[in-house]
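So the structure is just underneath, and the comments pick up after that.
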Amino acid sequence: MDKLPAWADIVLVPLISLLLAAVISAIVILAIGQDPWEAVRVMVQGALGSSYGWGYTLYYTTSFIFTGLAVTVAYHASQFNIGGEGQAQIGGLGVALVCLAVPWPHWTLALPAAMVGAALFGAAWAAIPAYLQAKRGSHIVITTIMFNYIASALIVYLLVEVLRPAGQMDPATARFPAGAALPTFKDIPGLNLIFDKKVPANVTFFIAIAACFAVWILLWRTRLGYQIRAYGKSERAAIYAGISPVKVIMIAMLISGGLAGMMAINNVMGEAERLLQNSAEGAGFIGIAVALMGRNHPLGVFLAALLFGFLYQGGAEMGLWTSIPIELRLLLQGLVILFTGALDNMVRMMLVPFFRNRAKEAA
Amino acid sequence: MTGAQDSGARQATAAPTSAPPAIELRGISKAFGSVQANKDISIRVMPGTIHGIIGENGAGKSTLMSILYGFYKADAGEILIDGKPTQIPDSQAAIRAGIGMVFQHFKLVQNFTVLENIILGVEDGPLLRPSLSKARKELKRLAEEYELHVDPDETIEELSVGHQQRVEILKALYRQADILILDEPTGVLTPAEADHLFRILDNLRQQGKTIILITHKLREIMEITDTVSVMRRGEMTATVKTSETSPEQLAELMVGRKVLLHVPKGPANPGETVLEIENLRVVDEDKVERLKGVDLTIRAGEILGIAGVSGNGQSELLEVLGGYARATGTIRINGQEIDLTGKHSDAQSRRHRGIAHVPEDRHHYGLILDFAAWENMVFGYHNEPEYQKNAMIMDNDGIVEKTAAAMEHFDVRPPIPTLPAKSFSGGNQQKIVLAREIERNPDLLLVGQPTRGVDIGAIEFIHKRIVELRDAGKAVLLVSVELDEIMSLSDRIAVMFDGQIMGERLPDETNERELGLLMAGIRDTKGAA
Amino acid sequence: MDYATLIQVLDSALRLATPLLLACLAGLFSERGGIFDIGLEGKMLMAGMASGAVAFLTGLVWLGVGAAIGASILFSMIHGLASITFRGNQLISGVALNFLASGMTVLIAQALFRQGGRTPPLTGNARFSPIDLPFAEAMADVPIIGPLYAEVLSGHSTLVYVALLAVPVTWWVLYRTRFGLRLRAVGENPESVDTAGISVVRLRYSALVITGILCGLAGAYMATALQAGFGREMTAGRGYIALAALIFAKWRPWYALGATFLFGFLQALALRPDVIERSFGMAIPVPALDALPYILTVIVLAGFVGKAIPPRAGGQPYVKER
Amino acid sequence: DPALIYDLGGKFDKSFNEAAYGGAMRWVEETGGSYKELEMQSEAQREQALSRLAESGANPIVMTGFAFGDVLNSVAPEYPDTKFVIIDMVVDQPNVRSIVFTEEQGSYLVGMMAAKASKTGTVGFIGGMDIPLIRKFACGYVQGVKAANPDAVIVQNMTGTTPSAWNDPVKGSELTKAQISQGADVIYAAAGGTGIGVLQTAADEGILSIGVDSNQNHLHPGKVLTSMVKRVDNAVYESFMAGEAVEPGIAVMDLAAGGVGFAMDDNNAELVSEEMKAAVDEAAAKIIAGEISVHDYMSDNTCPVE
């Protein structure tokens, strides 16, 4: 197959994929008798048109950064972690246990503890599939899917039978103590000038950015990252270099699960302030799209998470203010994953003739 | 197998010269991306003969045969069967034209029975039962006619490799092939199985079948073929009658470069023993014994060259020493025994013991093609303290600097450390690997095929470096299929054949002819077959 | 558990196992042909919506089934395009199609009926009604096996029997026909098929068409037999349970029947906490029963109870020339 | 504009949420006004939905379902100028109106009808999510059944313990079959969207069912004995009518106020005998008069009869 220049592969292919997804979505909107332009307008206005909208967009972005990074780290070790959803939910359990165990006096103390809880629980949930892959060759994609379901059953059980306070009807934990409440953008000096209303975006956003940076350091600056990437590129070469496949798979998946779990800081601790059923709300799956769009690079993940934060918030607004159902964003999401992850060769082939002509002209 | 029977058979079935060739290929070319696997190849194979094809790894033999069998499409050229131009767009067409092929890597379905494999693709209708019973009968007949006995109800994964090969041959015969292609059939066989195979092939020839036999083993060529073609780097370099050639000539055609490169090097000053190997044995995944008790020693300041046709155990020897294949026996480095199976039997431990390794296959082992040159420059040594900034972070800037220096030193072109390895040419990729391994100043350097696919200028450079290392008092184990490389670089030569050391020679006291015979597994230097 | 209750639970298990069985056999064809399909869920969902909509609009359930098959095959073909023609990542394609289905079904149903992504309730000929097997009445009084026949086996909708019939048919096709031989071969070693002069691409697409048909039936069953209309996310993860059952069944048709019936039985039990409590003397949490199929599958995958070896070529696109 | 948020069962659950929708539609028809509405897709969306509607200036904001209670408690203070109305839950905030129903009374009446219509003497109850609110339904129902036929057997099942229990018709259908096999020939479904499966299966199997919240008699004419109507529609309608002037505090919609009752129409006319109707009407009158007191499960979390 003809090759594309690297920049086209990194920038153009995702953009074209996005464009294709958008065009098809627009056709679907037309087909159900609605106005695509109106949809776009409502989405942009609702997600980016006000500080309030941004407060939501950035909140979702934060979640998607974590799950996107989770997929990214695993990807570099050539592991496809579809278990972000379950890992994020179990991470939420970790957060809830930490937050409820101690009457936290101040969030600055609660946050680090909750982060540890989230990461440990998320990592633990990734550990079994990782071990089975590394040691017994059980396909990690299937096991992580199974673990998503097991996670949600476990959470339901715990919420209904164990963690629900007496007398409460809905399956949820008690509210976290006030000392564990994370400052939202409205509470942060400086930012409160822009965000004058209560928005869900909170300090976790900055932790997410730090996580992007940390993942970048990990993958491209540390020995461990070097080994992860080397193993991911070529198992045979890794063995020649004395890199242990079992170790790399385990560590990469534990980091991946930990990152997915950390997402819970944002939604469970920062927003809901209690653990609910299905707390991850599909963010684990969106992480796949984010990582694919972001070409498995933290910077790309950040940008793609922003895009998906926009789509998610914009989609919700669209569901609210137009008669286009909110499910359009599932469609869009599916299309983006399809074009960037599965039909990427098709997109490339569409571009090849263009570059071939240009190469000829140049010659 | 006895020579008398052989020659008798050959005379009995010699085809009349007037008949058109059973197969004729004209001007076949085939490229895989940038790799030109076949370049303008023409060949004629007469009916009722066995035609051998020899050539180095990657010479393009399998590709050529796959084209004949319709598995690949040629970029150019034409195919004539029995003198008639024939289109072979897919394997179905090849089967219809009476061609059967036994691939180097068998194309059998592992969890199918023999019978199911036999009928796959030539079923007699939408239901299996009639085809199966017909095949069962036919199989019985073929088994008797050609001494090809296998249990039709056994699944493939339960069969030995030799029996699997029989199934492949039966598959071709069941499809009424008149032309049978066998791609390196003996590579996976025990000597006894190989002998049996040759009896079968001889039998088939007597029945009038035409056979193309690809092999690396000169002895086999001499024993059974009527004519032989030699391929080199995608080209057909010669076709000769077997009776009019000799193993030495073939060895030269196959591996030898006409221009013998002169490597300027002084006499060796061997010092302490660096490497001792005793009774080293390796059994591979298919339970085939690849090393059958190898004993070797190398001293400091000495280059030991291992000559041999590829596939005789050299790769396994390097892999065991490099730390990524399992073995039994004893290996000592500087007098200390190393762990062959336990916790320290990995590649990292070997490097700590001062063993550096230039692997035979740089694309799959030596380099990560997507990594930049500087990242490849520490590959395998990435844990060394000198490449770290602190406990966690690698000293990337430092590595880039060191890489730039090393690239300068090893004349890697272009000397840009940030370029990905895949964008360097083969020769320059090899220099990157060599730079990495030699710059570490190891006690023992393992080098596999250091100049495969490398241009003349680079070869000279690489050779010079290896000699320099020796002169610095280090031990070098050199594996190469290029005889003249072995001859000109080595201080001592060991010849490997069939997982064993056939003998050791000093380069000044031997010649290519003698080595060629040893490589062919023939120890008696006077009475060639 | 007394016998009458057991009969009742078995009856319910058979109903609940049917969509799993159809989807599991669908996955079997695809994966035996070397194409991993985690998009069973999405195809079932699409099929459910299509059958609910068309059955309601035409009033004819069989047209609904036809539409279900059509919709499901369409998704199968997208999967084929991605994983066979363009050699993309089969797993990602499956994930994407599941998302697509979740969104698309609601969008279409909402556009057509404006009932929040449901299709209107089906009545009369727009829906399958139970049929009684011959002699069910007469057999009912025979001890032990009578109720088993009359209550458990008899009195289901046509598609239940289609699903049960699909098991021997699948077995027969797989092991007794030329197509089955080639299909199994292409999932194990596509080169063996290619060198035999058979088109790998055509075989794999045919397998996906069958997958589409069976998933279509599974979805149609959900919307027109088990329930009377399509509802948002009505498959509720059954596609994934079917996938789990497929692994549990080690990609074999009769085992698939066993595995899906077991999982159906677990689902039926989960509906009857009272029964569980009575027969086990303690309350087993419903979530534990819900999770059991997945846990069992992981155990099988881990190779602790007889290793599940997937078709060897599964998941990898067939690339002849690099 | 006013706004309405539906709970997880969805707007067209033919039951609880659809009743709310009906009220809103009535308001639209009469006033020609417009309102915003939103359907919950997941637990975690509730807070966002509330604050987004409040943010958009909607007033009053009506929400159906107890599950909003917790989030409303934290959102309401953020928007002191917005009025909120929550149905089925008491939230003690100065700008919240809490509307609760005496479901036990309505359930009592349909329980009586069930007992009278049953030929086997066994009747069934299928609840949605297992919470005190639904036990309140069950308890009232049991009391009514026992009042009409002290020997009656009542089979009870809850669909589940999570909100998905409101929208699981398959499970509703299977539970119905199970109860039929235990002899039940009248089944009362208090389970939101899950009830669709109950009513469907009851109709398929030829037994009677009792709908809930909305008048569900029309779903299977001649097969649904009656429906325990809970006038959620009135609650929504009145809240919309009152607009921003909606009065905070607790409002109890009981039998006397027409908040609950049983549905009679052409679809079930033939199923309800004169005698049955007279008996139930009489009981209703006595309840209103205070002569019969139906125990409220939620008052002490117990039920006097099983």
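Chains: A, B, C and D, in written order; residue numbering restarts at 1 for each.
To be clear about the criterion, a contact is a pair of C-beta atoms (placed from the backbone, for glycine too) under 8 Å apart; a residue touches a chain by one contact, two chains touch by 3 or more.
What you are looking at is a predicted structure, and each value in this text was computed from that prediction instead of being measured.
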Chain pair showing more contacts of the two, A-D and A-C: A-C
Between chain D and chain A, distance of the C-alpha-averaged centres to the nearest whole Å: 39
Euclidean distance of C-alpha centroids - chain B vs chain D, Å: 79
Inter-centroid spacing, chain C versus chain A (mean Cα positions, whole Å): 30
Cα-centroid distance, chain A relative to chain B, in whole angstrom: 47
Touching two or more other chains - residues of chain C: 117
Of all residues in chain A, the ones touching two or more other chains: 156, 160
Residues within chain B bordering two or more other chains: none
Pairwise chain contacts, counting only pairs that touch as defined: A-B, A-C, A-D, B-C, C-D
Complex interface listing, chain C residues touching chain D: 4-5, 7-8, 11-12, 15-16, 115-118, 121, 129-130, 226-228, 231-232, 234, 236, 268, 271-272, 274, 286
Sites on chain D touched by chain C in the complex: 10-12, 39, 157, 160-161, 167-171, 173-175, 177-178, 181, 193, 196-197, 200, 204, 219
Chain D to chain A touching residues, read off their complex: 36, 38, 41-45, 47-48, 51-53, 55-56, 66-67, 69-70, 74, 78, 131-133, 161-163
Touch list for chain B against partner chain C, complex: 32-33, 69-72, 90-95, 101, 103, 107-112, 116-117, 119-123, 125-129, 131
Sites on chain A touched by chain D in the complex: 52, 56, 156, 159-160, 168-172, 175, 197-198, 200, 267, 271-274, 276-279, 281, 316-317, 319-321, 326
